[in-house]
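Heads up: the structure comes next, in structure tokens.
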Amino acid sequence: MNGFDELGFAKIDTQRAERRGFPEAIFCEGKTPEQVAQIVKKMDEGENHILATRASAETFTAVHKLTPAAEYHESARLIVVRKEEIIPDPDRIILVMTAGTSDIPVAEEAAITSELMGHKVERIFDVGVAGIHRLLAQQEKVQAANVLVVCAGMEGALASVVGGLVSKPVIAVPTSVGYGASWNGLAALLGMLNSCAAGVSVVNIDNGFGAGRLAGIINSMR
Amino acid sequence: MNGFDELGFAKIDTQRAERRGFPEAIFCEGKTPEQVAQIVKKMDEGENHILATRASAETFTAVHKLTPAAEYHESARLIVVRKEEIIPDPDRIILVMTAGTSDIPVAEEAAITSELMGHKVERIFDVGVAGIHRLLAQQEKVQAANVLVVCAGMEGALASVVGGLVSKPVIAVPTSVGYGASWNGLAALLGMLNSCAAGVSVVNIDNGFGAGRLAGIINSMR
Amino acid sequence: MNGFDELGFAKIDTQRAERRGFPEAIFCEGKTPEQVAQIVKKMDEGENHILATRASAETFTAVHKLTPAAEYHESARLIVVRKEEIIPDPDRIILVMTAGTSDIPVAEEAAITSELMGHKVERIFDVGVAGIHRLLAQQEKVQAANVLVVCAGMEGALASVVGGLVSKPVIAVPTSVGYGASWNGLAALLGMLNSCAAGVSVVNIDNGFGAGRLAGIINSMR
Amino acid sequence: MNGFDELGFAKIDTQRAERRGFPEAIFCEGKTPEQVAQIVKKMDEGENHILATRASAETFTAVHKLTPAAEYHESARLIVVRKEEIIPDPDRIILVMTAGTSDIPVAEEAAITSELMGHKVERIFDVGVAGIHRLLAQQEKVQAANVLVVCAGMEGALASVVGGLVSKPVIAVPTSVGYGASWNGLAALLGMLNSCAAGVSVVNIDNGFGAGRLAGIINSMR
Amino acid sequence: MNGFDELGFAKIDTQRAERRGFPEAIFCEGKTPEQVAQIVKKMDEGENHILATRASAETFTAVHKLTPAAEYHESARLIVVRKEEIIPDPDRIILVMTAGTSDIPVAEEAAITSELMGHKVERIFDVGVAGIHRLLAQQEKVQAANVLVVCAGMEGALASVVGGLVSKPVIAVPTSVGYGASWNGLAALLGMLNSCAAGVSVVNIDNGFGAGRLAGIINSMR
Amino acid sequence: MNGFDELGFAKIDTQRAERRGFPEAIFCEGKTPEQVAQIVKKMDEGENHILATRASAETFTAVHKLTPAAEYHESARLIVVRKEEIIPDPDRIILVMTAGTSDIPVAEEAAITSELMGHKVERIFDVGVAGIHRLLAQQEKVQAANVLVVCAGMEGALASVVGGLVSKPVIAVPTSVGYGASWNGLAALLGMLNSCAAGVSVVNIDNGFGAGRLAGIINSMR
Amino acid sequence: MNGFDELGFAKIDTQRAERRGFPEAIFCEGKTPEQVAQIVKKMDEGENHILATRASAETFTAVHKLTPAAEYHESARLIVVRKEEIIPDPDRIILVMTAGTSDIPVAEEAAITSELMGHKVERIFDVGVAGIHRLLAQQEKVQAANVLVVCAGMEGALASVVGGLVSKPVIAVPTSVGYGASWNGLAALLGMLNSCAAGVSVVNIDNGFGAGRLAGIINSMR
Amino acid sequence: MNGFDELGFAKIDTQRAERRGFPEAIFCEGKTPEQVAQIVKKMDEGENHILATRASAETFTAVHKLTPAAEYHESARLIVVRKEEIIPDPDRIILVMTAGTSDIPVAEEAAITSELMGHKVERIFDVGVAGIHRLLAQQEKVQAANVLVVCAGMEGALASVVGGLVSKPVIAVPTSVGYGASWNGLAALLGMLNSCAAGVSVVNIDNGFGAGRLAGIINSMR
């Protein structure tokens, strides 16, 4: 009625599914496992996929007890409850890339989110700019993509280079990978914000979910 | 005599109760459980409620041994020793709000503090600005409040929106909820300080106690 | 041949026009007026619109001498040399919004950039969140937009609120408008990065050009 | 109708006067003198006082041409257009204090704002904590105040000391006065946020207007 | 010979004892317990007191095995090996003060260091500025001191107030006590650096040892 | 009577001269030339030297008109009004050092302050650590000093090296000299705070006055 | 073929060995032990030494199972797989120095890296600037070095002093050793970047590997 | 004798020329034109080239009056006094590169410094990573270089890409070119420090002189 279901400690946004083409995701950090489990259970009454991000194994255990259909993607720390699948358009590819192996969990969070929204996703991992030939060898895939998600820590330069190669939107995700003066993703974040390549925009550090969702929104435009 | 009781490692401010209408609260972090227990025991000789903030379970155990009347609010990490209750004025409501479920512990610290001071408190949780209809559905309660406490992490925008809706004082509490470039509450703090809504002032990150106390002080004015 | 024209102090990227659907723009800060004038003159041999950002009046004078067709948008500090116009699609609207009057120069930089790329642009100015009814009064226009650009300084909260209202991509542009703890746009930048509304991504502080260009790229997808 | 008057570059919030007991103030920075003059002229059709903050002499000249009744407070950089005066309640005093002489312009911005709202204001200047006897000599005035506004730069410690002396709300205004590691008000801001005195809340650096307005709102409660 | 003993992983400065009137202290963090134990054992061949700071219980166990005369001050995390005592001058008092109970471990590090150097030390704990009467009640002791060490976290304002009361040197030690925007001592550090009281200088956050040593050096001057 | 003279915009601390052995200095930034001139004139009725820091030439002109005995030290930006001179003790030398030529204005502010307090001051300029032989050539003077003031920008390392050479107190003054990542004195400030040499304490960036005053206080101890 | 071996989660850069004279090192943080073990095993098919940095004991266990020839340097957290040794040139010495004992792990990371590249390395530990005679006693070794690596935490001043003594390149490695305002290496980093000694350049905080590698590259030039 | 000439306000390091193969350069900021002129005149008695960095036109005028042989490089803000030229080795090339046109002044400071030291320098300007083909077109020159200096502002990514292409040392110079979240070179600095390409080290922001000098030192090794 009001556009949300009231749980007392949470208001589940039922209006958002229509509004945004996707149900409200649950951000697990700061919520108890029991709170998450209650929210998932309530959402499971609906018809949309459910996605819980930053979920610990302990949270998954609590969720799984109330909602046995829930699956857990450990490295991406995602809980997923799947409903009816959408057949993706094979010609509109979202390409998710990483600079290094350590960026993969964030990239998977993005990729799975886009896939849940019904998009075809391809992955290219470990093509950081310090070995630019590894990236250039993938030019064909890069040019074929409709939307690109670039996850990189340390200096975050991959977003600029990719942004200069393509004429499609590039969503840059700084990751907290690195050490010393990477300051938990600050260096990558600043690098990406200062990219002089057109078409690049940035989401929060390690926010694979946000990137995957935005990629899906853009890829649905026609 | 001097306006304080000397414990060696602490000086309990006996003058403050008259001065501020409320006994000195105990900030537990950095004190040993034994130190807190001694302070509570000494204060318990007086007639005022006692409040210990940021209390661990271990600290509560030590306090409870010496002062069996003590209660523990786990999620808000508060220890309370109640004395004679004040009947609140039902027409002067302090409204405590949160942007998300994860902000509730800080909000409860504020709400319980105000209640101990003898005020009527109402709570509205999980009305962050990304789903503004959830907030607008509560307009009646919002307009009825005499003082408002708004707890929000991430971008902290709820304080600005609420500040623009009411003509009463809004106490904004940034919380350390968030990730990446929220920098443990910095983003919310800066957002709230820069609010262009009149009537908004800010307390320290996660300082529910300070907000609850200030709300009580303002709500007592007539 | 190499995909660029060599001027010694600059390499004009002739390959980018094909690659990105738009010629390389000229960032004037740090270049002498004479350097900018030479670059514009060289680019004027081509068939694409030319755009020079952050241009001072002095730079425009130098450019105008060599390229009389150049126009100057003073508040947006843009120099434009127009070639054959593209007829915009009237059903695909890019909506450029500001929180305050002071954000208009950045918004105009975005709007003019998108218009030059052949898109229809609408503007809504001064709808900051401290008076949310001003925004809600524009709901129809907001819902009709295909891509949204939100320019805001101070706490930057408008991006979150707009992001929660629509199911289209929102490009957030923090501006350096504000004072004190806005730290020249830092507060707005952090607020926007931490937005919990899906579909929001962020460009550099005051980077109207980048936002306008990305809006155009996304609006061209079909 | 919509609750605002549309000027194109600005939306004057006509609903706010009822909503907040005070007309929308104009923040002049980032607006051209002509824009401010237009806004003042439009607002002058109403019945409320008008206040323009951060106004340069040049802006005042433009305003004065269209609205001859406008006055200019140079050190506080305020433009005021007075309408019918409210008789202040002599028993409810807002006390505005400064740590040093250099903080006076910010303090005057606060004091004049409160006075325009119809409150009685007293001033105590130059009572910084490095000479605590200067403050203690004013104890009577300090205790008599209903709401206190404390403006201080450098280490900002005055807010904590005053907060510990009174049982009324203290609004702390960090100022950008200082040098070196004061970082334009950051040191004072952090000092005030970390005040362990109850009843203290903080507004943005140099935000005398916001403090004066909040003081007026609180002082009107009964 | 060279003024140091070579241990391979460390060079013990034997020249410093003459040079500075005190042996080199050992900073334990980053050294293994075994390394510390070896250094203490080597130093024990000399005639000076030995002081090891930031020592864990585990480190003390290793030291005690090789040097049974070693004592451990747990809360101050100091290991001490005492040699022949110096009789302190009873008229030249170093006063060590804290704003709160949580600052005591740092204060003890300072006090014990000064005592080891042969000075008379007095302590006043928990006299933070939010209850200024607690400090003013100690005026006699404060005025009698020859050198003052002030340890405070949060806003660190005690140093300014004390600095304004006395005409002796005040050594300010910011502590990492606090939460939220205290940023692990940054707020206190900035507050102390910006103190407008003359005679105040600052050492590193939590550096009780450095403060105690400097107090001893100054107190030895005649 | 109250220990201060009231000027309305300032309270001149007449109690401080007795309390601190030196009259209150005037910090000119943020005060109008007329305000400074009034304060100097009022103070000139007393018997102590007067010192105004951060004084512009314009301020001096205003002061000189009302107080013809005032002198101006241009590079140190000091205004001085001298009263009866104190004969310095020739055996207790305050040594003021700089790392570079650009640090001299700050050093002169310190040196003149100490001299006004009646101390003998020596100067050694341009002995930064990148040419350590220049410093070592001054060993005799360095060892002869009773108190040392070390002014350095950039990396500020001179304080650590000097601190390791002597057994007397070293007052470190970070200066804003440098560029790039010196961040206006931040690098030097952090370097000095982290000095592992005992006996080093730090004052605010460019605070030559504070250093000179503290040096005088310490040098007066016996 | 493409210049890399594809493992799916990683692309091993086979072209880099030729290109950089050294195989790609493996940065272990953020990779699972199994991923590292797979990468090492794949690289072991080649003829170059293998180096894995920031390796936990758990990671070594996984690597050792698949590649028994692997050795572990615990304090430096390095895993090494040695192939045919290169005989170092005894006249071209890389000198690795530390300011303190706590900097040794980083220094060893640098030293072992250079040794693996076939260079002669000497070590001087614990010669921080607060006891400059310890450094000056090593002048002969310092002057004999061809390339110098200086590891220092806290204020990082050793790099400046060494840079002033020699006419060879100095690679400065800030370490995260320190406390309080060292901010995990920030103070040392800024100090080193601001060094006014010529010939000094800086790598990331704690990046012993990068320093050792660059030292080897420079030492190979002729 | 002491290894320096004493001018009172400066100590000219005569020992450094032998020690470092190059005379002391003069950093002009913070020195008066007259001071610089005196220093240059004194140095002109020797046989080495003289270099004054960050020199204003006004400083050059003062220098030129006393030393007519001085030349001025306006965009690089360098004053040079040439003595006998060294014939460069044509096979050992220092390559100076920039990401954009705005970085050229810093690059020229580096290039001229290296040339004065007797090295052959080549320049490639405006090859930022957002148009990577412009860089790849220069591969031959890049591979031929013996030492590389890379000047870049904004995200500073060029250093990483170049570092990955070559097996020679890369000296990265962050420039203050950029806007918004480039924070005057901070973004580029962090990006370069976090480069995962081996062989890259970093100097201070805009420190073209330091880079040019280090390049010369390395290029002289054999």
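Here the chain labels run A, B, C, D, E, F, G and H in written order, and each chain numbers its own residues starting at 1.
We adopt the following convention: a contact is a pair of C-beta atoms (placed from the backbone, for glycine too) under 8 Å apart; a residue touches a chain by one contact, two chains touch by 3 or more.
Because the structure is a prediction, the values reported are computed rather than measured.
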Based on which chains touch which, give the shortest step count from chain B to chain F. 2
Shared touching partners of chain C and chain G are A, H
Shared interface numbers for chain C and chain H above half of all numbers used, same, or below, different? different
Report which interface contains more C-beta contacts, comparing F-H against D-E. D-E
From chain B, which chain is the farthest off, judged by mean CA positions? H
Note: chain G sits from chain B at a C-alpha centroid distance in Å of 50
Determine the centre-to-centre distance between chain E and chain H, using the mean Cα coordinates as centres, and give it in whole Å. 44
Cα-centroid distance, chain D relative to chain G, in whole angstrom: 56
Using the touch rule from the top of the page, what residues of chain A touch 2 or more other chains? 27, 100, 131, 164-165, 180-182, 186, 189, 193-194, 196, 198, 204-205
All pairs of touching chains, each written as two labels joined by a dash: A-B, A-C, A-G, A-H, B-C, B-D, B-E, C-D, C-H, D-E, D-F, E-F, E-G, F-G, F-H, G-H
Contacting residues of chain C [partner chain H, same complex]: 2-4, 8-11, 13, 15-16, 24, 27, 29-31, 35, 54, 174, 176, 185-186, 189, 204-207
Mind pulling up the chain H residues that touch chain G in the complex? 16, 19-22, 25, 27, 146, 164-169, 171, 189, 193-194, 196, 198-205, 210-211, 213-214, 217-218, 221-222
Going by the contact rule at the top, pick out the chain C residues touching chain B in the complex. 100, 128-132, 154-157, 160-161, 163-165, 178, 180-183, 186-188, 190-198
Residues of chain D touching chain F in their complex? 100-104, 125-127, 131, 133-134, 137, 153, 177, 179-182
